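We call the chains A, B, C and D, going by the order they appear; numbering starts again at 1 in every chain.
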Amino acid sequence: MYKSTTELKVRYAETDQMGVVHHSNYYVYFEAAREDFIAGIGMRYADMESIGIMMPLVETQCKYIEGARYGDEIQIETKLEELSPVKVQLHYEAVRKNDGKVLAKGHTVQTFVDSERFKIINLKKAFPDIWERFESLK
Amino acid sequence: MYKSTTELKVRYAETDQMGVVHHSNYYVYFEAAREDFIAGIGMRYADMESIGIMMPLVETQCKYIEGARYGDEIQIETKLEELSPVKVQLHYEAVRKNDGKVLAKGHTVQTFVDSERFKIINLKKAFPDIWERFESLK
Amino acid sequence: MYKSTTELKVRYAETDQMGVVHHSNYYVYFEAAREDFIAGIGMRYADMESIGIMMPLVETQCKYIEGARYGDEIQIETKLEELSPVKVQLHYEAVRKNDGKVLAKGHTVQTFVDSERFKIINLKKAFPDIWERFESLK
Amino acid sequence: MYKSTTELKVRYAETDQMGVVHHSNYYVYFEAAREDFIAGIGMRYADMESIGIMMPLVETQCKYIEGARYGDEIQIETKLEELSPVKVQLHYEAVRKNDGKVLAKGHTVQTFVDSERFKIINLKKAFPDIWERFESLK
C-alpha cells in the first residue's frame, strides 16, 4: 500500500496560549501532506485542474492525542482509506520525530468535480486513466 | 433544548485562492461558538479553570456544504449532542444569513480534565453542581 | 477629520504561547478596520473593483505597545494619514476597551491600480469623483 | 557580515482570494527566518529565556513587491540592521527561488527584556558575553 511522508516543523505562530499547536492547524498540516500524497500518482493539483478535475473537501476530521509544541519536528504519513468513483478518503497520522509519539490522526473526504460546471463526476467513467492511478494507491 | 447562537462576518484573511473560506477556519468559528455555548451554563472557560476543570479538545469534525465568501455574515447554532461524566460533544451548524444556506455542520468532543494533574475526571462525581449545569443543556 | 471605528474581540486561535495575540494578527485586525474606513467614502472594495480600481497593499507597519489577551475587546480607530493621486496611507490605533490602554499603532500604504492591466493609475485624473471622496476624508 | 538563509514553500492555506499569499503571512515567514538567524549566535530562544533574556517584538514592517503564489519556494535572507544595548533590528528579504524575484523586504525591532520582571535591560552590561555574540553578527 502506498504511503506518503511529509515532514514539517511547528512554527511559533501556530501555537496558542495553552503552549501547544492550535487544533485548527493540524488541518493545515494535513493539507501539506495531501499535496505530497497526490504527487504519488504523478500529478499535482494544478495538473488535475488543467484537465478539468477538481477535488473539493467535503469533510475533515481529526483526533488529538498529544499536543505538538513549538519547534517540534513532525512527520505525517498519508494513505488512501477509501476510494469510490465519486470520492476519495485519505487518512493521516502525525508523529513527533524525537520521541515517536502519535500526536493526531485524521481523515479528509474529497469529491471529484468537473471544474467547469462544478458538478460531481464519476472519475472511473470520465477519466479512466486518472482513476487507475488512484486505484494503484490502494 | 438549549441552543446558543453566534454571529460573525468572514474576514478577507480567512479566504483562500479558491475565493472561499479556507476549511480550517470553520474550526476557529466553532471555537468562538463554543465559548458562547459554555456561557449558557453561566460560566466562562476562565471560571472553570479557576475551580480546576479544563476541557481539552480530543476530536473535531466538519462537513462542508457550501463555501462561505468574504463579507458573508454567518450564524452558528451550537447545541449539546452527547454528554457523559467524562466528555461532552457539541454540534455546530453554520448558516449564511442573507440566503439561509447551510454552509457547514460539525462537532467537537472535549474531555473533562483536572487542571493540576491533567488527568481525565468524572465530572458527575468531582463537580456535581457543574455536572447539573451541563445536564440542564440537554 | 474623518475617523472610522471598528470593534472586535480577541479569539483564542489568535493567541500564541506567550499568552498574547500573535503580532501578525494585528494586520488582520487592521484589514477589518480598513474595510470599515473605506465604507466611509460610501463604497465597498467590491464596488471599487467593479469600476476598475484596485488598491493593493505595498507596505504595512505596526508598533506593539501592550499585548492583547484572549477575550479582550479591542477598538480600532482608522484615519487617513497621507493621500496622493497614486497612493493612500491609513493610520490605525488599537485600544483595549476595558482599560483604555493603547495596544498597537500602525499604518498601511495602498496604491491605486487599474484592475485590468494591474498598472498604477493617477486616481485624480482617471476617477476624479472617487478622488474627491478620498479628499473629503482628510 | 553574517546572513542567515531560510527556505520555505507557500502553503495553500496562506493564500487569499487574490490568489497570492495574504500579507500578514510574511510576518510568519520572517519569524521562522528570525529563529534561524538567532541560531547564528549559537543560541536558541529557549536558551536565552533560560538565562533570563526575552526579546519581545516592538515593531514590524514589510514592503510588498511581488505576490508569492501557492507552491512557490521562497528564500529569506536575514541580517542585522541595527544593534544597541537595548534593542536589535533585523532586516529580511524574501526572494522567489525559481525566478529570483524579490517578493518582499521588511524589518523587525526587538528589545532585550529581563524575563522575570519584564523590564528592558542593557544587554551590554547585564550579559556582556551575549552582547559580544550579537556584535559579531554586524
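We adopt the following convention: a contact is a pair of C-beta atoms (placed from the backbone, for glycine too) under 8 Å apart; a residue touches a chain by one contact, two chains touch by 3 or more.
Note that the coordinates shown come from a computational prediction; the quantities given were computed from them, not determined experimentally.
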Selected pair, greater C-beta contact count between B-D and A-B: A-B
Between chain A and chain D, centroid-to-centroid distance (C-alpha), Å: 30
Euclidean distance of C-alpha centroids - chain B vs chain D, Å: 35
Cα-centroid distance, chain A relative to chain B, in whole angstrom: 24
Touching two or more other chains - residues of chain B: 12-13, 18, 24, 28, 31
Arrangement of touching chains [line / ring / star / complete / other]: complete
List of chain B residues in touch with chain D within their complex: 12-13, 15-20, 22, 24, 70
Residues on chain A engaged by chain D in the complex (per definition of touch): 11-13, 28, 31-32, 35, 44, 46, 71
Touching residues on chain B, where the partner in the complex is chain A: 18, 23-25, 27-28, 31, 56-64
